[in-house]
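Chain nomenclature is as follows: A, B, C and D, assigned in order of appearance, with residue numbering initiated at 1 for each chain independently.
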Amino acid sequence: MGIQEQYISEAAGLLSSGAVKLVIGYSEGSTTDRRRPVFVRTPAEAERLMLDGACVANLSTYLLSEGLLSDGKSVAVFLKPDGIRSINILAAEAQLNPEQLVIFGFDIQNGQARPLQGRKISDFTPIVEAARAAGLSPELQGEAERLEHISAAERFEYWKEQFSKCIKCYACRQVCPMCYCRRCIVDVNQPQWVNTSSHTLGNFEWNIVRAFHLAGRCVACGGCDRSCPVNIPLRLINHRMAKEVLDAFDYYAGESTDQKPVLATFRPDDPETFIL
Amino acid sequence: MSEPFEPKIVAFVCTYCTYAGADLAGTSRMKYASNVRMVRLPCTGRISPMFILKALQKGADGVLVSGCHPGDCHFAQGNYHARRRWTVFRALLAFTGIPEQRIRFSWISAAEGAKFADLINTLTEDIRKLGPFDQYHELQKVIETQATY
Amino acid sequence: MAKIGVFVCHCGENIASMVDTANLVAEISEHPGVEICTEYKYFCSEPGQETVKRAIREHNLTGVVVAACSPRMHEQTFRKACAEAGLNPYMLELANIREQCSWVHTEKDEATEKAIEITRSLIEKVKRNNALFPISVPVTRRAMVIGGGIAGIQAALDIANAGREVVLVEREPSIGGHMSQISETFPTLDCSQCILTPRMVETVQHPNITVMTYSEVEEVDGYIGNFTVKVRRKARYVRMETCTGCGDCIQKCPVKKIPSEFECGLGNRSAIYTPFAQAVPNVPVIDRSRCLYFKNGKCAICKKTCQIDSIDFDQQDTIETIEVGAIVVATGFQVQNTSLYGEYGYGRYKDVITGLHFERLASASGPTAGKIRRPSDGKEPETVVFIQCAGSRDVSKGVRYCSKICCMYTAKHAMLYSHKVHDGDTKIFYMDIRAAGKGYDEFTRRAIEEDHAGYVRGRVSKIFEENGKLIVRGVDMLLGRPVEVAADMVVLATAMVPQPDAKDFAKIIGIGYDEYGFFNEAHLKLRPVETATAGIYLAGACQSPKDIPDSVSQASAAAAKILGLFSREHLEREPVIATVSDSTCAGCWGCVTACPYNAIDHRDINDRNGNLIKRVASVNPGLCQGCGTCVSFCRSNSIDLAGFTEKQIFAEVMAL
Amino acid sequence: MTRILLKNKLDDCIAAWRSAGFSVLAPVRRSDLSRFDEVERSADMALDLVLTERTIKDHFFPQTEPLVKYRIKKHDIDSQEMLPPDRKRVFFGVRPCDASGLAIDDPLFGWDYRDEYWFKRRDNAVIVTIACTASDDFCMCTSVNLAPDSTKGSDVILRPLQNGNGWLVEALSDRGNALLEPIASILQEGSESPAPSASVPVRFDVEKVMEWLADPASFESHFWKDISVRCIGCGSCTFLCPTCHCFDIQDEGDTYTGIRRKNWDSCSFPMFTMHTSGHNPRNTQSTRWRQRIMHKFNYYRGKFGVNSCSGCGRCTRQCPVDMGITETLQAITNLPK
């Protein structure tokens, strides 16, 4: 039995026993290479579930849908290691109770979905440890370094061009499990810290602020980057932040359900070579 | 000969150390460049990165953020939190091409009037050498311009 | 609509000479929302303040900007004036055009331009100020005094005598501090013990004072009026309740050759000991690291000796939690380790000693019973050299500051020596004689004129041993030639330095310290007794080097401050605190983690039927100190700081 | 009498228009994004795209547009209107769906007052459309009564030749005729036949959709909740839509001066309907999605007699969670009677 069949049958079982009220997974999309998120509530519907190498979206975002978990009932969700780290952060930031989750963990290797052992968040500690040990993506690092090797002025021009494309649709924010604020900073208008207009200045401010808010929280699931309808390489800026907190504070986002936020904690001997 | 460029610099400082240090520079009648405008906050912990972006939007060619030395924070820990934020924010700005030389951070205690005066002079001179931050200010100018089509 | 009054102060010529105030007034008068803008020579003067008050009343001003000196100088003055005119005192901002403008710039047009911009920016801020009202918090009318030296004793007695409870915490086995080590005191040559011991006894017997010796403060939580202090009572292994202080155990203790800390190593003590004969309380402690019983489980002679079974080897440290409303920090000083002066040979030559050693030698209760005997061979020294500033006022090796007491005690030492060794000879190497104080200069004159103290102005470059003598080589600056003295003993006037753990302690209790580790006062001149942390006060040499009368005065001052605080059951606090926007708080608790004061907690918001709607952060107004760390952390801007709100700062920046 | 524009004459054509005072905008792929932008040479154009990622709406109704510049003085305010300049533009290589989008929006910007900012640009623009010979899985013009060779909203239509060398040229309006004048000598007479139009399947029954939406009972149907459950509430579908036209007015500035701006807004955003009181009449994503569908296929036609959809399919094509109008309208089509 392949992973898809195995997970479908298990999901159906959980639904029919009432162990979970909902399974959030993937189903067929509007084209052959697309998978779309699906909400399965009955055992019969479980047949719609799919799991293969095209299932890339981080579904943890949906767990924060208003009221979804407030009845205390359990929900099953399909998650890759990045999504599992998201759950750790969301639990650490008190946005959900991980005890309510049944996690169908999987990883994609060579284009194939492979099962991950365990169903509870605590079962995946070794997976997260392994992810940390494997380090940040060398691919992203390579791309980021290419940018870092050019002059600041050239880099500014690069981002100016990229951010000028932004239309402030906020797909990056909406798809991100970390962007759960009830009122985004950009919607604060007293005072209006971030210019809401999508001129390049406003776009610069928006993208910088979002990257800052994701520092130490982004798990590099790539959701924002994939969602961006105007193809801004958001992955790079988020990667740069992840690298900064790792290098400066030895901090890797989403390690556990009780990890403290990197920017709400400190060590007296934190590096400060840049401070005069 | 054109006038030498006079940079606009905005400083965000805590009231207990750097602001007091600036006061000390004053009571000691030290002289320094007049390019800096100070915004007084209770603690560096109160200084949000947004302040820096707004100062740039308002035409600042440089920004100074300054507070108590580690261990000396009136609020015990505010500056440690600030330091982490600065580390991250500074890396972010640098990555987006906002030169590190324009956004400076320092610790200046209430007793360091001379350090304050020196820093303002050095900073002003450094920014003067860099020239106006046209690249960023251009973004604001574009906003104020009529549409081209 | 905002109606802002702007008052431009000349500060005599201080501002007006560098800022074109007429131009400033003209520019500011055109600023939107400015109802009235005037200038005057001294707005802080009575008629100046009257002008402000009248303008507030006549123009119904909604906010006031005084363009003058630093808010650190006169913010309170003008807040009071506003309040008297019926305007909320927090509707005021000071535009600092003196310390940060007229005094530091040299070009009038630049300074004027800057003054205009500063003032405009604060007008925009004040437009967004909110009326704030002081926060009332209950006061626990019990004080804690940390440190049982003369400063701590004085503070404790003053507070207790005024009828308030005091907890006095001392980490040594006895109270008394450095003063108990001193032989006689300048300038009266009173016997130190004679004047101190009665105070010590009074303290321990006072019904309002609880003395906790051999105890250390481990944790301080809370805020003015409401501190919670955790104190570790170290195990004495002797029951305080029953011990009569007979001293039999000390006599019988077989471990006797331990250098006594009290005697600066000039005498010995046993493993069970009281630091000195007049110790208060007169209850010994067992030095666990030296006691044979603790080392190998054998001995226990003290336990066998004690007739009332007061020895308890099973005693454990206990932690006591004490609620107090105010704290006096009187943790004292240490003498600097002078071995850093290799050329003086301290530590190498037994007869090179510190001033504190000399006190013990001169003390009637000391190891030599008051006879001056040099440590190496117990002989009476015929020539004694005193070296002042052996550490103080020395940028390269010692400390930059003056330790203040050394000139006086060196004169005293020379005097005591000449009283005890009539044909003895003294040489005092000094840089200056600093003898400011009541009877002080007379005292040093007496040392010179009556007791023939041999003052030599100059520094000592080297001390070496030759034929049983200490050869002191220096320079006499007044004569302009080198001098060499063959001495029998050399006394170094070492620097007074902070306690080695002063910085750690400052962090525990939450107060500031200077580059040396002396604790910082709130204002060197005007608030020398308070710390920047409300409710915590300083007394004695933990703040800076002090002699006994200064320490006692400061202790009484601290007591007076505390008694003022305790005069009411509630106190009013600055309302500069954080507040949470319930509707937008997402409950991530980042602010809870970040808050340095644990002032933020969770709060449930329920519907009418009591069902939980959401949990939000909630600020305890008693604990919040108003740093604003939480505000900058909050990603959704759901927490704000009164007096420095996001709106205010935004407006300030956008006006620049 | 058919006229032909050969591909190898395109550069001459651009040059002729430019010297006649037109800016020429065409599909380009710049900084990893396909859109309309000014071109000087045919080599800059990306005419092989099925559709640009961004629509030409951007050039008539920009994402952010300055309306008024103001300066705050002590007792009053100086203000100065910031109308766009008169600038003649040719949009070359527009797809029929995007061209139709402009025509769909015209009545909206003129029904109660004439929106100068829209019409100044419309009046100065000539739309040269190229009929589609290719489509993708998301195209749905045929489902909304349009076609790969619709002429709605176009001033000139170009139909690709069978041999791929150029286009049959047909002017559809006075403005189109006028545009062909400067290139009259560049065009040729010919009799080549056009390539067949792209075959775009009909994906839903729009008549049935309109009928169902018009039924008051549909408004409260649980259908909306089910169909929109995975919508994340971003604005990418609305901002990439050639007909979405909602905007918000914002003042941006400092203490002294500022600009009043017209910014795109999206019915997908919770803040779109947020009242000052804190009450939000459309406080769930399903009610917002319902609004979007209702507006496009019910309310808009009620007011302007036309559906506010030109079938470009961008809403689905670029949706982060693979939603879009097609899926919803298919589901309505498949609802049991």
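Heads up, the rule we're going with is that contacts are C-beta pairs under 8 Å (C-beta built on N, C-alpha and C of every residue); 3 or more make two chains touch, one makes a residue touch a chain.
Please read all numbers here as calculations on a predicted model, not as lab measurements.
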Pair with more cross-chain C-beta pairs in contact, given B-C and C-D: B-C
Chain with minimal offset from the mean of all protein Cα atoms: B
Whole-Å gap between the CA centroids of chain A and chain B: 34
Gap in Å, rounded to a whole number, between the CA centres of chain D and chain C: 72
Length of the line joining the C-alpha centres of chain B and chain D, rounded to whole Å: 45
Two or more partner chains touched - positions in chain C: 583, 594, 633, 646, 650-651, 654
Of all residues in chain B, the ones touching two or more other chains: 49, 54, 58, 71, 77, 81, 85, 143
Chain D, residues touching no fewer than two other chains: 252, 254
Arrangement of touching chains [line / ring / star / complete / other]: complete
Chain D contact footprint on chain B (complex, rising order): 58, 143-149
Chain A - residues contacting chain C, complex: 93-95, 180-185, 188, 190-193, 213, 260-261, 263-265
Footprint of chain B on chain A - complex, ascending: 144, 147-148, 152-160, 185, 193-195, 197, 199-201, 204-205, 208-209, 211-212, 215-216, 237, 240-241, 244-245, 248-249, 262-268, 270-272, 274-276
Chain D-touching residues of chain A, taken from the complex the two chains share: 29-31, 34-39, 57, 61-62, 66, 161-162, 165, 167-171, 173-175, 187, 192, 195-199, 202, 223, 226-227, 229-231, 233
Complex contacts: residues of chain B adjacent to chain C: 8, 10, 15-16, 19-20, 22-23, 25-27, 29-32, 34, 37-43, 45-49, 51, 54-55, 58, 60, 71-78, 81-82, 85, 111, 117
